[in-house]
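Sharing a structure here in structure tokens format.
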Amino acid sequence: MDLDYTTSELMAVAGARELKDGEVVAVGLGLPVVASFLAKRTHAPHMTILFELGVIDPQPVEPGVGLADPRVWYRANVLSSFVDILGSVLHHGRVDVGFLGGLETDRFGNLNTTLVGDPRGKFRHMIGSGGANDIASCARRTIIIMRQEERKLRESISFITSPGYLSGGSRRAEAGLRGGPSKVITDKAIFGFHPETRELMILSVHPGVTLDEVRSTMGFAPLVPDPVTATEPPTAEQLRLIREEIDPERMYMG
Amino acid sequence: MDLDYTTSELMAVAGARELKDGEVVAVGLGLPVVASFLAKRTHAPHMTILFELGVIDPQPVEPGVGLADPRVWYRANVLSSFVDILGSVLHHGRVDVGFLGGLETDRFGNLNTTLVGDPRGKFRHMIGSGGANDIASCARRTIIIMRQEERKLRESISFITSPGYLSGGSRRAEAGLRGGPSKVITDKAIFGFHPETRELMILSVHPGVTLDEVRSTMGFAPLVPDPVTATEPPTAEQLRLIREEIDPERMYMG
Amino acid sequence: MGKLVTLAEAVASIPSGSHLALSGFAITRCTMAFAREVIRQGIRGLTVSQCVGAMDADLLVGAGAVERLIYGGGSLDRFGRLACVNRGIEGGSLHAEEYSSLSIAFRYLAGALGLPFMPIRSLVGSDLLRQLQERSGADVASIKDPFTGESWLALRPLSPDVAVVQVQVSDEDGNAWIRGPRWDNAEQVRASQRTIVITERVVPGDVIRQDAEQTVIPGLFVSHVVKLPFGAHPASVYRVYDYDAAEIKRYVEATRTPEALQAYLVETVHGVPDHAAYLEKIGGQARLSELMADPGLGY
Amino acid sequence: MGKLVTLAEAVASIPSGSHLALSGFAITRCTMAFAREVIRQGIRGLTVSQCVGAMDADLLVGAGAVERLIYGGGSLDRFGRLACVNRGIEGGSLHAEEYSSLSIAFRYLAGALGLPFMPIRSLVGSDLLRQLQERSGADVASIKDPFTGESWLALRPLSPDVAVVQVQVSDEDGNAWIRGPRWDNAEQVRASQRTIVITERVVPGDVIRQDAEQTVIPGLFVSHVVKLPFGAHPASVYRVYDYDAAEIKRYVEATRTPEALQAYLVETVHGVPDHAAYLEKIGGQARLSELMADPGLGY
């Protein structure tokens, strides 16, 4: 087994480590799928995986192009509906972790997947919410996974599709929302949020990445601990599972 | 075919005549079942029959002891739930006719199936509502079928389980309820309701029954038309269907 | 994390005073063996809810295990009324809150979906509503539609501690199928904190996964799975066995007086250690064989 | 009272300006043949709703048939975004009302159950809500829980004129099964005034009656049944056929510019008289055979 790993693999493993056994996890497609299946096959066998359109705990044998692909529903325990998954599980308050990707996020973990500025100063409409707003509003905590670039981690985003801590502090709770983002996992670092101000803060920097690289690929200055620790690398078994069983065609891992 | 008929048979046939082709009918057990299946097999083949617990258009081959009996669900088109039948069909406003039995009714078609007085001056608790209150509240019209006795057609009933016209006139509409009872079919006569006062009024008296017999088996004086017409008797084909196909064991017909 | 336990273990997880949503409807899919074990273990002070009152609730009330009943009326179909429930209401020993089928179903649905309340057109103008309004801390209120200004009745959600659901088929994680109509069971499970599944058959998870559209109860709601053939006897389980008419008639006779009921409870509950002994008592395999459902008809 | 009609007849029952709820989710069970016939018949000014915007809605928007889109965001999964929808929003020609998946599902559910409104925790604090509130005659309002005094967001029910649902199996009365997850389809049907079922197979009613727990769409909601194999092409129908990746990629290319789209519409819609001719055009039986689902895997 080649113990070198890609940043995607590191991100998936970092995501998996956030999930505890027995938890109920609402999953969007891409890296969150790999992270969730990896957790379920290692330390969290009793975790429940939900896809918003009405799928619980599938056992895919091939990767799919998205949630609409029956490959992703294969051998599910339950095939039901939005009202069942997003209503009686998520809105009821039973989802421990929401796992979201994003196009843009800001200092307080607010996510934009709706309108992004283009170089000509116009806005481009992207994909909107789907279940992301519901998950960000109702899950006990959310984990955001995204590539880190200055235009993606911005001081201020143009549209809040899925609320994080809004303008920080206690604003989210005051708006009547439970939960909130707990982690942002990028290809450079893992971030948390300050327990009071709710500002983004570095928790660990990935092996081989410098603190400067982290800072220079963001549109704002994050809180920085001293000393800065390094993200734990993937184990051989985690890499084997990703490469041989979960995403052998490297469809999710890019 | 014996063209003599029982009053139960006459009641079932009178009930069937109230149902039009294409209507959606919410049915309680007993005579309403016979009336509905009779209508469906004669003039109303496109009628939809609903049982509250989640059954649409069954084709029983044996009578059952109640809605809980799988005999009554046999060969249904849909097996679902209270929320589906009473929610998305009835509460939505899609039920044309609710077909109800009752222990007691009054001048305004209010029904009691909850608390009835006993000879010792105490109250006895009966069966309560089930779906009857929902049907009486939400169907476009309701038809009541019951035996006629002075203690059953009362000036005032002790408990309104399922609302008719409440205290008459426009009180029902003022309470925010649509529909209301259209007919009361007893073993003596068929009654309607005065279009303004909503008082019970005789529409027809069954063959062989005198007007005095109708009046003397009620606890109040109904409106009486002049002249009084006679209820149309069952046809040979209607009797054959009831006796040979719908209730050969005379389980519903007593 | 094994969920597959004995009936006694599952019942032992229920503290006295709990709110149970029971899956019975009149005389079908009633949680009868469960109710007998609750009585045997001396659990009391229960709140019981169901859309249509059934034999399981009536037996628990008769044995004195129930303090409060939240239901939409009920009966044993043609076999008779809920004699224990009725006697409890008439004598004042049972605190009964009476609704209609849909209003209980909507209260469960609100609980299931995490809604703060549920608007409804039913109950209006009835004495059912008057009685509910007269209760202190009423679970009904009025609310104005913010879009039209129209007044509506609003119901408080129901959130039982435990749903107890008798099903035909489950896997070891509690992913369960219900054949036939499901009445309020799907909403009971989703409204409750947790669910105990009592199942006629336990199948491998692979079987559930082949036909997952049928999974009415997702395992994530389920804390315990009890494999218990004839767990609903003398009630029926569609496609597995018919109701036992003779035994239901005996129950109806036994519930005519408190004395007769005590004798019945001694014979069928206290006098037998468990469900297997109960089945022997009521006639064993010879009797049960006669109840087996015809695979074509389903009853 | 025969409900079984041709696609052209079913589409002809829809007046311009109607509100349609469409059954597609991204690239699966999309009402593609239906959308092509709507365009062919020149029906315009439609309101279209669905929880997650799909290829059917995008094609109708691209052809200029849609005035208003009520949806929760959407894409063609990995194949791309909803280019026609996005261009319509960016250019201002499409009036889009954007929600989340659950908020649309709850609006359908309220419409289905005859509720005056639906409380929800989602949308709060987001710019989705801000945009919706800025609309005149907003479909969102705030309401106070009468039991706790807590403030909630309330959504107005959705009541489409017609639900159009692509299913696997139906009988002639429209009693239909949906295999796989059902996303918002059951609620769409129940919220709508009537439903058009587009089905891959028509089976005798006796088949439906043998497994009536599977009937997601009761016939009483259905006005028309259209038997139309490959009606969702190039989207997939679980257990019947897979998505046609090459054809979806061609669609994605064609929707990059309005000019390319016009050429695509001429070729696949206006230039073919009906669905059968469309299927010949895209490659006929040879191509369709390759898409047939593996009976074990279901795709």
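The chains carry the letters A, B, C and D, assigned in the order they are written, with residues numbered from 1 in each.
In this section, a residue touches a chain if its C-beta (ideal position, glycine included) is under 8 Å from a C-beta of that chain, and two chains touch if they have at least 3 such contacts.
This one's a predicted model, so the numbers in the text were calculated from it and none came from an experiment.
Engineer: Starting from the defined contact criterion, work out which chains touch chain B and chain D both, please.
Structural biologist: C
Engineer: Please compute the C-alpha centroid of chain A, do the same for chain D, then give the distance between them in whole Å.
Structural biologist: 29
Engineer: Would you mind pulling out the distance in Å between where the CA atoms of chain C average out and where those of chain D do?
Structural biologist: Taking the average C-alpha coordinate of chain C and of chain D, the gap between them is 38 Å.
Engineer: What is the distance, in whole Å, between the centres of chain A and chain B, each centre taken as the mean of its C-alpha atoms?
Structural biologist: Centre separation, chain A to chain B: 58 Å.
Engineer: By the touch rule stated above, which residues of chain D touch at least two different other chains?
Structural biologist: 114-115, 121, 150, 152, 179-180, 213 - these are the residues of chain D that touch more than one other chain.
Engineer: Please list all residues of chain B that touch 2 or more other chains.
Structural biologist: 76, 79-80, 83, 87, 91, 138
Engineer: Touching pairs of chains, which are they?
Structural biologist: Here the touching chain pairs work out to A-C, A-D, B-C, B-D, C-D.
Engineer: Which part of chain A faces chain D closely enough to touch in the complex?
Structural biologist: Listed in rising order, the residues are 29, 51-55, 61, 64-71, 73-74, 76, 79-83, 86-87, 90-91, 113-114, 122-134, 137-138, 159-163, 166, 171-172, 175-178.
Engineer: Using the touch rule from the top, collect the residues of chain D that touch chain C in their complex.
Structural biologist: Interface residues on chain D, with respect to chain C: 114-119, 121, 141-143, 145-148, 150, 152, 154, 156, 178-180, 213-214.
Engineer: Report the residues of chain A in contact with chain C in the complex, numbered from low to high.
Structural biologist: Residues of chain A touching chain C: 22, 24, 46, 48, 56, 59, 75-80, 83-84, 87-89, 91-94, 138.
Engineer: Quick one: in the complex, what on chain C touches chain A?
Structural biologist: 1, 112-115, 171, 173, 175, 190, 205-206, 208-209, 212-213, 215, 218-220
Engineer: Of all residues in chain D, which touch chain A in the complex?
Structural biologist: Residues 25-28, 51-54, 71-75, 77-79, 81-82, 85-86, 89-90, 98-103, 105-106, 109, 120-128, 150-152, 179-187, 236, 238-239, 242-243, 245, 297-299 of chain D touch chain A in their complex.
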